[in-house]
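Below: a set of structures, written as structure tokens.
In what follows, chain A forms one complex with chain B and a second complex with chain C.
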Partner chain A sequence: MAINDKHIDAILETYPAKVKRNRKKHILIKDSAQAHQEIEANTRTIPGIITNRGCAYAGCKGVVLGPIKDMVHITHGPIGCGYYSWLTRRNKAKTPEGGQNFLSYCVSTDMQESDIVFGGEKKLARMIDEVMDIFKPNAVTVSATCPVGLIGDDIGAVAKAAQEKHGIPVLSFNCEGYKGVSQSAGHHIANNGIMDKIIGQGELIETPACYSINFLGEYNIGGDSWEIHRVLEDIGYHVVSVLTGDGSYETIKNAHVADLNLVQCHRSINYIADMLEKKYGTPWLKVNFIGVTSTIESLRNMALYFGDKDLIRRTEEVIARELARIEPVLDQYKKICEGKTAFCFVGGSRGHHYQGLFAELGIETVLAGYEFAHRDDYEGREVIPAIKTDADSKNIPDLHVEPDRKYFKLKLSPEKAEELKKRIPLSNYPGMIANMKDGHIITDDLNHYETEEFIKLLKPDIFASGIKDKFIPQKMGIPSKQLHSYDYSGPYAGFGGAVKFAEDIAMAFTSPTWNFISTPWKDKPLLEGAMQKEGH
Partner chain B sequence: MERQTGFARNAAENPCNMCMPMGGIIPFKGVEKSMVILHGSQGCATYMRRHMAEHFNEPIDVASSSLNEKGTIYGGEKNLKLGLDNLIKLYNPGVIGILTTCLAETIGEDIDRIASEYLLDRGLNDVSLVTVPVPGYGGSHSEGYWMATRSIIARLSREAPANRRINVIVPHISPADIREIKRILQLMRIEYTIFPDFSDTLDSPFTMPYKKIPIGGTGIEEIAEMSGAAATIQMGVTASREISPGHYLQDTYGVPLYNMPIPIGLENTDKLFAVLKQVTGKDMPESIFSERGRLLDGMVDSHKYNAAGRSAIFGDPELVLAIAGVCRENGITPVVVATGSKSFMAAEAIKSSAAVDVPEQSLLAGTDFARIREHCREKSVNIAIGHSDGRYLTEKEGIPLVRVGFPIHDRMGGQRLLSVGYTGTMTFLDRITNTLLEEKHKNYRHGIFDKFYTGKMA
Partner chain C sequence: MLEHTPKEIKERKGGMINPAKTCQPIGAMYAALGIHKCLPHSHGSQGCCSYHRMHLTRHFRDPIMASTSSFTEGACVFGGGANLKTAIKNVFAIYDPDVMAIHTTCLTETIGDDIPSYLGSAEIPDGKIVIHANTPSYAGSHVTGFANMTKGMVTYLAEATTDTNKEQVNIIPGFVNPGDMREIKRLTKSMGINFIMFPDTSGVVDSPMTGKFEMFPRGGAKVEDIRDTGNSKLTIALGSFASTDAAIQLERKCKVPAKTLKTPIGIKATDEFLMALRAAFISEIPYELEEERGQLVDIMTDTHYHFHGQRVAVFGDPDVVIGLTEFILSLGMVPVHVLTGTPGAAFEKEIKAMLLEAGLKANVKANGDLFELQQWIKNEPVDLLLGNTYGKYISRAEDIPFVRVGFPVLDRSVHSYMPIVGYQGAMRLVEMISNALLDRADRDAADEDFELVM
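This part shows the complex of A and B:
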């Protein structure tokens, strides 16, 4: 059915007038006849509306810092925040031989009322001492929660003193939950800290192997990163570091030597990608390893960047080998999935990334959006200069970087870079809207009310969601695929991941469970009055 | 009993509890047509919804006033009022819980004033606002639960004529447990008000069409009339007086209070029927007597296996206390009894209970899993009983875990676990016994082989 403005208005009608005007700006119907479609994003959440967004602490400690395995991540605050971010993203990590892995630990200063009144700095300092004593980590992070900033605990000073005392890096992050408008603020804060205090601290002066890359914005949910690595290493790439899935302080500190930075999740890591280019002369390439076509395209773009004949040949060999292996399997699943429709509303990049994979299975994504993205994630990076800074974005300062005197090395000549940019998304992300079909809906910061209403309007066959919202479609009789931590499944990335995803999606459609449920609209005859129904 | 103040350590390493507002949300889910708004950063609501959704496998709609930096400077009143406007417009609730968070409490938001002003200003008389101060640093989720339960009663109850109903106030037990208590009361034809009743709202049957606020919960009118009840039976001996809803009803309206442990275990369930007899004069129905007999018969069958059990029990104080009783009754030795709650009352209640009176026992209050793990090693624990975070005891120490309580996020059906009453106790005890047996059989052949053929075992 063709969706028009009236349908959207009908959904928004329930809201108070001001809210209606606000939400309208966050919802688009893709129309390629228009030169450019603008969406409002990264603005304040409307209170009371049951958003799916989280806070700055969640973005900083929960998303970006949390997966770094050889650092102990201390939450300075009352117990809840630390507890709620305790390994909940299924970001997997392997303990290297003789190496450290503290991911299964949740460490909090467990602030009490007296700490709020008298300050928590001393407690934090004592706690870092204990952490050193118990874990002997390579490095430590301290993340602030709401009360810390309000009572004025100077965690920077505590961290600095601890660093001098223990001789290991102690990084502090002022990621109080109220900063910014969503977890996106926390990504930025974490990016700044990692750039400032970790990258470039390593002893490597130049890359230890050919075709060396950093993999940015890949969090190894359900082992995604491992499946991608399998292929990258097979082709001949050397992965210097991953930020931050299965990542470590020991590898990230040498990220400055890589020849190329790959960016998977643009939203959470683009600050570092940008700064690495300015500081070390390393360009970044937007990749997408979700879906077969996107994976192939990403691999080919990487090979083009290096422009080495052997690498290009090897890339094609690996692609051919993988395709021969997975295509017959995917074809089987496609028979089940063909012609169906999906909603895809997750996080800050998956809402876009999974559309290709759905399409390969014959499923059209009729509605997509992000929880906490910015306009550039929708409209492409060329809108960045046009994005107005507001009070909320100004609160997270940009880290100013200059070319590094010791390590700056232009990896590409400006001419070569310009030429490549015409062919591959080098230091560029064209955004989600470009990929969507006319008539399909793009929505920012979808909430529970709209979720229900859009389901009623568009009647999708499957809903790709987060954890909190997956139960709404399920209660409405529609299968959901939880793409936050994959419902204990995965990996979904790369060639092998596509097969696993196809299997899970096909299973969602074919489970006999649904035979016992008939969604109201499926019960209605397509032709009114064609035949009298019996037994209902 | 060891307490946090006695710790050498400052670190909470792998916490055994959550924060106050988390516990505060749950009783509101047990009120008919009710919603909650958390006054603070939106992350609080998001995190808590996520954890509750994963345990109950239900949509958990909790609003937030989404305060940001500006709100921390100029106050969050405007955001809270706007949030209430939107919540009312979209959900049309009869009751709204306004819960504070660390942020709101630290900046000193006066939610009572804001709430009463709001009602006046908007001219609303068909919605009740219940304010609950629950800063994350003020206590654990267990205390948050009692605080909210008490606040709801304090706000919604009013002087009512004496009625024949009895109040049953339940702690944070599973929806299946609440249903079981209701079944018993109905079987005995006792008129009751059970509160908070989240048996349907947090474990709702699949029905079409989808409802934004699930059907169920204690009726607002019923709560209002709890003041006129013949008696209150509260399963909350670990709740201190100032947060105990049963005490509120006793002190304010003179409703006699029978405060007892959760009826898990033979003795505790007997206690429930003794109290019911005392209050209503009704005897245990024959069918329940059979259930009791079956439990006893099962306990006779199981005691020989359970005698080998050395258990570590952890979680909400109220539940920990009841589980310790189940263990003691059938010969399992509760050698580690622990709660993350720092409540003095909870610690004292556990300490003074006969259920935990075991020589060389570790009683831990305000503790974390790092400490529980140490004590498990020290005390040769061979079975852990508690919520899902005890899974690290399995991973690191090989101690099998019987899941019960909240949260259960790595297995299905936490909301359906039945442990109360004679029948519930039987199914619960079977879960424990069978875990011990499974462990025994897993190692049996190796053990025998080592003992008789390789001489590796002493």
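This part shows the complex of A and C:
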């Protein structure tokens, strides 16, 4: 059915006037007849609206820092924050031979009333001492939670003193939950710390192998990063570091030597991507390894960047080999999925990335959106100069970097870069809206009420989102797929991931359990037996 | 797996490593879901609310609804009154619950937001109710949060309106699963006693699939019933940590006598629960419950050689762990390590008294963590580990049979529907424990020792 503004207005009618005005700006119907469609994003959440958003602490410690496996991540706060971010995102990590992996540990200062009253700095210093004594990690992070900023604990000073005392890096992050308006503030805060205190600390001066890359904004959920690695290494790339899935302090500190940075999740890591370019002269390429077409395009763009004939040949060989392997399998699942529709509402990047993979299975994404992306993730990076930082986000510091005297090296001549930019998304991301079809809905910070209303309006065949709303469409008889945790499956990235995803989606459609929702005695007349007798 | 945990135990004072507790508001949110047509509201920044909904959803595999004040930095400076008032207006306009139950977080407690004064000037539609509880995350644990919100229900709602007390009992079930609440209600019903259970999450977080999403499912204690608790003859608080505060508040406010019992896990605690009800209301406990009890004793006797003398480590929430410890002692097992993350001297006192009576000694700790529990196990190994999902890491690292019980269980299904309380729940525990031990015996047996009949 064709959706128009009237449908949206009817949904918004329930809202108090102020809410209605606000929400209207966060919902768009794609219309390619318009030169440019603007959406409001990255603004404060409406109190009481039942948002899906989390906080800056989750964005900093939970998303970006947490996956770094050889660092101990200390949460300075009461117990909840550390506890809820303990093993709940599936950022997998292998323990290297003789190496360290602390991901199964949750370390919290467990602040008590007395710490709120008298300050928690001493307890934090004590915790760092204990961590050093027990774990002897390569480095330590300290993440702040809501009360820390309010009571004025100076975690920067505690970290600095601990670093001097123990002789290893101790990084502090002021990612109090109330900062900014969502997880996004936490990404920015984490990016600043990693850029300032980790990258460039390694001893490497030059890349140890040719075609060396960093993989940015990839958190190895369900093994995604490993599946991509398999193909990249097969082609002949050398992965210097991944930020931060299965990442380590030991590898990230040498990220400055890579020839190219790949950006998978633009929202969470574009700050570092930009800063690496300014400080070390390394360009970044927007890639998307979700979906077969996007994976192939990303691999070809990478080959174009390096422009080496052997590399291009090897890229095509690997693509052909992988396609021959997966296409017959995908065709089977495509038969089940063809012609269906999906909602795709995920954090700050997958709302876009999964649309291609759905399309390859014959599923059209009729509504998509993000919890906490900014306008550039919707509209493309060219709108960045036009974005005004509002009062709620103005206190998130920007880190300004200069070309590094020792390590800056122009990896690409300006002429070559300009030429490439015409062909590949070099230091650029065109955003989600560009990829959507006319008539489809884009919604920012989708809430519970709108979720229900849009489901009633559009009746999607599958609902892709997170754990908090998974069971809501399911109660309505609509299959639901978690695109944060992958419903504990995966990998979904790369060629192998596309097959796994197709298998899981087909399973969601074909499970016999949906056939039992209606109760048989509610459909059948009570007097069935007697009626038949009368007929004889 | 957990390979960085050393055997040598040193005193730690810097906080927790691998906690055996979480923070107050999630308990308050769970309690509030036990009121019919209630929307829990988290007054703080929205991260807390998302984490708590997420965690409860993973345990129950059901939608968990709650709203939040969504603090920004500005609200931290100027106070959250405007956020709360906006939230109240929006919640009633958009979601239309009968009740909003507000709890707080470490943020709003630290800045000292005064909820009652905000409520005084909030737009609350006619016939709608807003209650609140203060739940600072830096004190106690999620169990404390449950207790605080349950007490808040009494403070706001309970009323003594009749001259004589009604022949009915108030039951506060404590921080247990909906399956347990159903079982406690079944036991009480089968004795023919009128009761009011609050909070009651059965029918809310274990709702059926009908093809229709109900934001406020059928279950939950009704407001009029919670009001009527002020007219009851007796309040039974099951579990001192989760339930006593509300029962005492009811005694203070409405003169309903309060009696605290153990969470009825295992045979002794269930006996005590039934006898307390009998003493107040009836002359005889019906035969069907006697039969159930006899079946349980029969099973315990039939299988005692599976358990007797087996060494056990148990951890979790204090009321549940107290019940479990008593039951494993009844089975002839030996508790070696008993730990809760929730602070409180009463826990250690109660467990130590049981051990003393049994002539045993064990490591017992309140306000402990799983890092220390694992160290204890390294020093004094056990045959069985009982606890929530987080125990699976220790179970794997130390190769110990593991039974999932308590909150949260995030990696198995169905558990929240099935009771661990009452005689039926005790039978289920016996089955789970013996399955774990016998599966291990099978796994470890040499071919020639592999048995058909065990």
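Simple rule for what comes next: the second predicted complex is superposed on the first by the 517 of 536 C-alpha atoms of A that agree within 3 Å, B and C clash if a C-alpha of one lies under 4 Å from a C-alpha of the other, contacts with A are read in each partner's own complex, and residues count from 1 in each chain.
In this section, a residue touches a chain if its C-beta (ideal position, glycine included) is under 8 Å from a C-beta of that chain, and two chains touch if they have at least 3 such contacts.
Note that the coordinates shown come from a computational prediction; the quantities given were computed from them, not determined experimentally.
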Would chain B and chain C fit next to each other on chain A once aligned, or clash?
-> clash
Identify the partner contact of A:49: answer first if only chain B is touched, second if only chain C is, both if each is, neither if none is.
-> both
Just chain B (first), just chain C (second), both, or neither: which does A:332 touch?
-> neither
Mind working out whether A:130 is in touch with chain B, chain C, both or neither, as first, second, both or neither?
-> both
State whether A:102 touches chain B only (first), chain C only (second), both chains, or neither.
-> second
Would you tell me the residues on chain A in contact with chain B in one complex that are also in contact with chain C in the other?
-> 14-16, 19, 44-58, 77-86, 88, 104-113, 115-116, 123, 126-127, 130-131, 134, 145-147, 149-151, 177-181, 391-392, 395, 448-449, 452, 467-469, 471-472, 475-477, 517
Chain B-facing residues of chain A, complex | 14-16, 19, 44-58, 77-86, 88, 104-113, 115-116, 123, 126-127, 130-131, 134, 145-147, 149-151, 176-183, 391-392, 395, 448-449, 452, 467-469, 471-472, 475-477, 517, 519-520
Touching residues (chain side chain C, partner chain A) in the complex = 1-4, 6, 10, 12-19, 21-23, 25-26, 41, 44-48, 50-55, 57-58, 61-76, 83-84, 86-91, 93-95, 105-107, 110-111, 136-139, 141, 207, 209-215, 341, 371, 393
Sort out for me which residues of chain B touch chain A in the complex.
-> 9-15, 17-22, 37, 40-44, 46-51, 53-54, 57-72, 79-80, 82-87, 89-90, 101-103, 106-107, 135-138, 140, 204, 206, 208-210, 212, 340, 342, 389, 392, 395
The residues of chain A that touch chain C in their complex are 14-16, 19, 44-58, 77-86, 88, 95, 100, 102, 104-113, 115-116, 123-124, 126-131, 133-135, 145-147, 149-151, 177-181, 391-392, 395, 448-449, 452, 466-477, 517-518
